[in-house]
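One chain, chain A, appears in both complexes that follow, with chain B as partner in the first and chain C in the second.
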Partner chain A sequence: MQELIRYVILGIPVGCVFALVAVSLVLTYKTSGVFNLAFGAQAFLAAAVYYDVHVRHGWPIIPAFVFVVFVISPLLGFVLDRGVFRYLRGVSPIAKLVSALGLAVALPQIIQIWLGPGQAFGITGIWWDDNALYRFFGDYTLDGRQMAILVSTVVAVLALVALFRWTAIGLQMRAVVESPRLTELAGVNADRSSSAAWMLSSAMAGLAGVLLAPFSASLNVGDFTTLLVSAIAAAAFARLTNIPMALLGGILLGIAQQLLAGYLPPASLIAKDLKPSMPFVVLFLLLLFWPGLRNRREVTDPLSGADPPPPSLASASRSAMLTRSTHIFGVVFVAFMVYVILFRADAFWLSLLTGTLVYSVIFLSITVITGMGGQISLCQVTFAAIGGFTTAQLATAVGLNVLVGMLAGAVLAAAVGALLAIPVLRLAGIYLSLATLAFALMFENVLVPVGWIGGGIKRVNVPRPIIGPFDLSNNKSFFVFCLIVLVLVSMLVIFVRRGTTGHYLDALRGSETAAQSIGINPAKAKIVAFALSAGIAGLGGGLLSMKNGIANPDDFRFELGFVFVVVVVSTAARTVEGAINAGAAFTILPVILSDWLGVSSTWAFILFGLGAIQYARHPEGTLEAGKRQSLAFFQRQYDRLAARRARSAPDQSGDGQSPSPSQPLAVKS
Partner chain B sequence: MSLLEARDVTKRFSGITALDDVSLTVEDGEAVGLIGPNGAGKTTFFNCLLGLLKPEAGEVLFDGKDITRYPVYRRARLGFARTFQRIELFTGMTVRDHLLVAERARLGTGRFWKDVLNLSKPTVDENERTDRTLTLLGLEDVAESPVEALSLGRARLVEVGRALMTEPKLLLLDEPSSGLDAHETESLAETLRAVQAERGTAVLLVEHDVEFVRSFSTRLSVLDFGHLIAAGPTADVLADDAVRRAYLGERV
Partner chain C sequence: MRVRLIAVLAVLTLVAMACSNASDTKKSGSTSTTGGGASSSTVDQPGVTKDTIRVGGVASKTNLLNGPYASSFDGVNAYFDMVNSQGGIYGRKLQLVSERDDQMGQNQQQVEALLAQDNVFAVAPIATILAFSGAKPLVDQNVPAFGWNINDEWTGAKNLFGSNAGALCNGCVSTTLPFLAKRLGKKKIGVLAYNVSNSAQCADGVKKSFDAYPTATVGFLSKSLSFGVTDFSVEVGKMKDAGVDFVTTCMDTTATLNLAKEMRKQGMKATQYLPNGYDAGLISANKDFFQGDYVGLQFAPFQSQPPPPGLVQFNKWMDKKGYTKNETAMHGWISAAQLYTGLKLAGPQFTRQKVIDALNKLTDYTADGLISPRNWTKEHNITHDQACTAWLKVENGKFVPVFAVPNKPFVCLPDQPKTLPAKATNV
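For the complex of A and B:
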């Protein structure tokens, strides 16, 4: 019993930090509809600035604390609102999620560059003495850091309650949640209340960052990711709407973590692997089983029907002549590139471009699930990992042909994808994405360390296959092999998109109710999309492990799942060229940055992140938007040419010399 | 045996009884109207028939089969089709694709392995059937254009066409005249009559426009505050005192 009380008391402070972030998650979700996956990054920023002013520059605690929590953090919130999130009202939940993802990818990298290389050690808390001990109920002690958390949380919660109960801006914030545009019609400046909400929640994230930082020896992003996921679990407990429940959820989670740590035998596998991943497991289970989250739709704007429909693909609005000439140009370009790569490029570039092909295959899985299925999955890298590890284990431990292993890996990934889809598809939009995130984290923390899956400490080698006369351990042969796989997978994706499955998915994205009303089974169509996408990712993962000669868990870290989505949607999520361009960008851009421009290759991630933030403005991808503009230009030139020709040959105008058979291009400015 | 039979359907929304023991039948090939003032429960009843809402009590029979617990898409495969009060089309798809998707969904011929082998191009047979529907509705000239480009009146015809491609036994029309002007309403009614004459589809029409209903349906039911207050041949019902009070707002 005493033990129990001790664990509960130990758990409460950490739980309070979870609770603070959960409350701000709910707050921004309610006021802006954005589920801010960048909160971990915001807390990280606050901790980094606090470290800089307090430890490096020796500011006293109080000015440093005030500067971080009441100046820097709200300022960040203000900038984010002004720069990004203000423009996201009224766009689809997916666009909001992608923008937040972009930020979650870019922000920590920017902070890391600003902090400089090396570890940031020795950060201390905001209590005057971190090591002071305070006794409660006799024997139970809390130290200064924990006291700071308790006091800050109580103050923050009281301030929030007062704000929402008794102030005009609090009431306006609540109104904006329901419908920003209707609130504006009632004479409220929705922009102002949105700014206020973001500044407030950013300050809360900053507070959480400063409070949590002294608990680990050095600053690192990983702690803040765990913080974010724990907070998401608490927010899911509150169904993303109820602030007191979010508070309670956070505290319960903190206590549960301590209990688990205390009562499980410390040496057992479960204790070792499950304890750190408990928040992920809790999040996954909550998403699947917590009543009220199922089939729950996001906050929708009653006026959203007034929005213009999304623009169609550039390829859908150009004339046959232009299509033909771009296709011919494309074939010539690709043939030229293959020639250059095989006969002119050095080993470094050959390996790099093989990587481009491999990642293009993986990215095609995102074309399927996001571009066609309309869902954001954050566990594509996990499916790739399943493919990679299966290939490795079957080839090395079982001794099968590595090609068979690769296909088995793809099939297994597809099966896991279908199995995951069945429970997850009852969730809509944002909840589905969060469930895939929880799955990715669970896989990484629980399964990857297991010897017969991820190989544990020692990595599993992957041989290259020999096909007839071609030994693929020759890098040039392997390049051609990857090219063939990419072409086959691209054809598969194009055929499926053009075929009935693609049409069903288009219909479901257009209107799920109407699609059901003509007899389309939505669950079945989406499970097919999930399985196909997982299978392609698994194939790509197998290819990747074959390329590297090793199945390396570092190639399959869950953060890469964020980056993958961000890279693909910021180029073009709906087309096969988009995935290939994304593959090229993902592999080549870091090299260009570091080798040619001499800057850190992490800038590539920052650029991808910033590209994803543009998603709301160009939901078809920035590259696709640029392509549409240039196509419009060429189409105009072509039309003008055709018109001139028709005028110069008036006697033939009767038989089909009419200016242009094409439709006008719908360019959205 | 009636084609559609709703027996004592009751639906409550947290204390409010939106539908109270509402019964209704539609015979094969018959056109039945359902009218009522705003908030009478017409759309709720419609959604209970379609499976978008689960009624608290009562049952829905189709061809003598109890379909009260069927999901929406299975009802569609049995021969339900509908149009929407607020247009629900698939953005980004052409008019022809709308019809083709509905055709495939009806026959269940869209197989994943066919897609993989690139065998799912429209067949001659499918093209012929979509062409026939396009002609019937006068949509030939916009067959290849995306639906976003259409006027409301023609967009509604696309909905009708999509519904017809599933070869329904029963077509449920949810306020088809909403948002249309008098001329468009008239031509829609004409088209619907032509469709009914050619295909012999039974129609259940929920409508505000009394003229439309009078010209189109042979039988009529009237809902008011979740209760069925009258049912019978159209002319008789429209002459009924209670109906005139509730719906037409006349003092009798």
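For the complex of A and C:
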């Protein structure tokens, strides 16, 4: 019993660290409707500025703290609101999540460039002595860093509860999240409330950054990301809305970690697998079974029904002649490119462009789940990993033909996708996304380290197959093979999009209730989408392992799942060519930046991130938006030409009227 | 349409540039003649021109794990400056033409670029924080490559030359820590590791080492810590209860620092072995917590007295360029030194194969005293002739060499002997 009490008490300061992050996540969600996956990046920015002014420039602790938490962080919140999130009010939580993902990808890279190379050592906390020890109940000791977090978390929770319970601005901030238009009808300045909300939540992120930085030997965004994903469980426990519950959730999480550390044999297999993945298991279980989250639907703006529907694909509204021209041009262009790549490109470009094809296959899985299904899955990289590891293990350990291994990997990934879909489809929007994130983290922590799955310390080699006379260990043959796979998968995706499942998913994206009323089974359609998407990602993972010659867990880290989504949605999530553009951008843009323009290739991630921030304005993707504009331009030119011809041609209709140039000759359905 | 047109033009330009790069590759790989009058000779090798030997490197410059390995390029540049100031080699200057960033996991692609785009003769330095997947194209094309061997992919490849070792075995029995425990009179060992493969296997290796050479017993072993953990209260409590007096980890510096803080909090008196701790900035910023702890190195420490000739040159040329002297830069310098040695031994009509073969015949290579004698006839395998370490103790925020004798900074023991020898030898 004494031991149990000991672990519980030891868990409280640990839990306060989780609680601080969870409270911030809940605060942001409550006041802006954004599940802020960029929280870690915001906290990192605050910690970096604190390091700069306090350590590099020697400011005393108090001015440095005040400057970061009460000036810089709210300023960042203000800029984010004015520059990004103001335009997201009233849009779906998914769009907000994507924008936050974009920030999470771009912001750390910007900060890293600003910080420069080298390690940022020696960050001290805000307590007057970080190393001072405070003894409680005889045996329990806290140091200055822990005291700072404990006191700050409790004060922040009390202040926030008071703000939301007893002040008008607290109520207004919550109201603006639900419907800015209705709020403004009630005489509230929605812009001001929204700015205040973002400044407040950003200040909380700043506080967390300054308080958590002294726990790292050197400043590192990875530490903040790790903490963020661990604390999501505490935020889910609070149903993303209840601040005191977030505090409680964080503390319970801390206690649970200490109990596992205390009672499980530390060298045992179960401790090795279960303890590090505990927050993610808890998150997954909470999302599935916590009454507050089951079947939860996000609040939507009651006036959103008055908004116009999202625009259709640009290709759906172009004329038949333009479609034919585009197809002819596409075929000629692809043939020319293939010729150049096979006969003129050097080994590096051949490898790089093979990578483009492989990542295009993986990104097509996002076209299915996000573009067609309307869901954001953060575990596509995990399905790719399942495909990659299965291919490697079946080919190397079992001795199967590697092609069979690759197909088996795709089938296994599809099966896992379908199995995952069954429980998580009860969730919607960001809850579904969080469940996929929890799944990705569980897989990475529990299964990847297992020797017969991820290979353990020895990366598993993956051979390339020989198909008839074609030995795919020849890089040119392998390029052609990847091209064929991409074409087949693209055709499959187009076939599904134009088929019954695609139409069902379209209908479900428009209105699930309406779709059900005409007999569409949403669960079935979504399971098919999930399984198909997972299978495609698995196939891509197998191809990637084959290309690299090894199944490397580093190619499948969960953070890459964020980047994948960001790259695809920032180009075009709904079309096959969007996925291919994304594959090209992901592989080629960093090379163009570093090798040709001489700037750090990390700028590519900044550009992807900034592209994703545009998601709410252009949910079809920036390239698709550009395509629409260019099509409109071309159509105008065509109309002008047709009108000129009509004017110069003799009137043959007999009624003296020319055909209207503004009407396309034919419209594709 | 304009946007599309621009996009198409951009792609065509891109392809055209790729093609021109491909033809460049052929050109610079063509036969060339050395300068220098009578000793002129032809060399038909990629990256070798009549006045230059092109070298390129790949290191984790930017990455989420905060691995700042960019200074390995400084070490190579400083060494090349030294060689070039003396006229280069065979009338050619050594030139580091490309410093590629693997961004944590892109080193295979970057190595492919080094070989196909940058047209290098050899690759140096290599310093990659995660898996070295770039080993595959280097092995496939038999390119001499030199770098900081901290990944499993180096093992067994005859053309890959680590600056710290030829091959590592994370989970193998080693005499290193049992020796240290014996010298310090420690009896109970605590071992902490992350649950990730490399770290957990390293912990298994420590356990096996103390089982094989029982200078002390492992009183606490945990392989269940999650990456990024900052709280060690339960683990320290258990180690304290178990009477642990020596702690070794297979974790990063943030973990060792938080562990040290927790040990101090709970009043646990134990010495820590710091596997990644040779960083003056880290130690001076946290001197109260690392006081009395130990660091082991595979190269002669900067604090060696008297400094070996290689260290004197390192200091001189690093200072000349204003580079920061640290562990990573030293690995770059040793990498460059090994390449230069290989070229010298291969002769004026050197080829990649000749450089590799020449190095693999060396039995006691020391890089001018910077490393313990290395036998490259065996070094690519995980069993070596001997295991040598230069030991340092942290005292008042500074590193102080220990167990060394003048001109012999390394303490060597046979590799995997049946029993731990009573005495180690200094070399």
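Some points to look at:
The definition used in the following text is that the second predicted complex is superposed on the first by the 641 of 669 C-alpha atoms of A that agree within 3 Å, B and C clash if a C-alpha of one lies under 4 Å from a C-alpha of the other, contacts with A are read in each partner's own complex, and residues count from 1 in each chain.
Operating definition for what follows: contacts are C-beta pairs under 8 Å (C-beta built on N, C-alpha and C of every residue); 3 or more make two chains touch, one makes a residue touch a chain.
What you see is a predicted model; the values in this text were computed from it and never measured.
By the touch criterion defined above, A:518 lies against chain B but remains apart from chain C after alignment on the C-alpha atoms of chain A. In the superposition on chain A, A:226 makes contact with chain C only, not with chain B.
Of the two partner chains, neither chain B nor chain C is touched by A:8.
Of the two partner chains, chain B is the only one touched by A:495; chain C is not. In the superposition on chain A, A:207 contacts neither chain B nor chain C.
Contact with chain C, but none with chain B, is seen for A:348 once the two complexes are overlaid on the shared chain. Put simply, chain A uses no single residue to touch chain B in one complex and chain C in the other. Interface residues of chain C, counted against chain A in their complex, comprise 1-4, 8, 11, 14-15, 17-19, 21-22, 25, 61-62, 64-66, 68, 70-71, 100-101, 103-106, 108-109, 112-113, 115-117, 130-131, 133, 136, 152-153, 170-171, 194-198, 200-201, 220-228, 230-231, 233-235, 237-238, 252-254, 256-258, 261, 264-266, 279, 281-282, 285-286, 288, 324.
Those residues of chain A whose C-beta lies close enough to touch chain C in the complex are 6-7, 10, 13-14, 17, 108-109, 112, 117-119, 121-122, 131, 133, 141-143, 215-223, 225-227, 230, 257-258, 261-262, 264, 266-268, 271-277, 333, 337, 340-341, 344-349, 351-352, 355, 445, 449, 451, 454-459, 548-550, 552-555, 557, 559, 588, 590-592, 594-596, 600-602, 626-627, 629-631, 633-634, 637. If you check the complex, the residues on chain B that touch chain A are 50, 52, 71-74, 76-77, 80-82, 84, 86, 88-93, 97, 100-102, 104-106, 109-112, 114-118, 120, 145-146, 148, 159, 162-163, 165-166.
By the touch criterion stated above, chain A contacts chain B in their complex at residues 305, 309-310, 312, 316, 491-492, 495-496, 498-504, 506-507, 509-511, 513-522, 528, 663.
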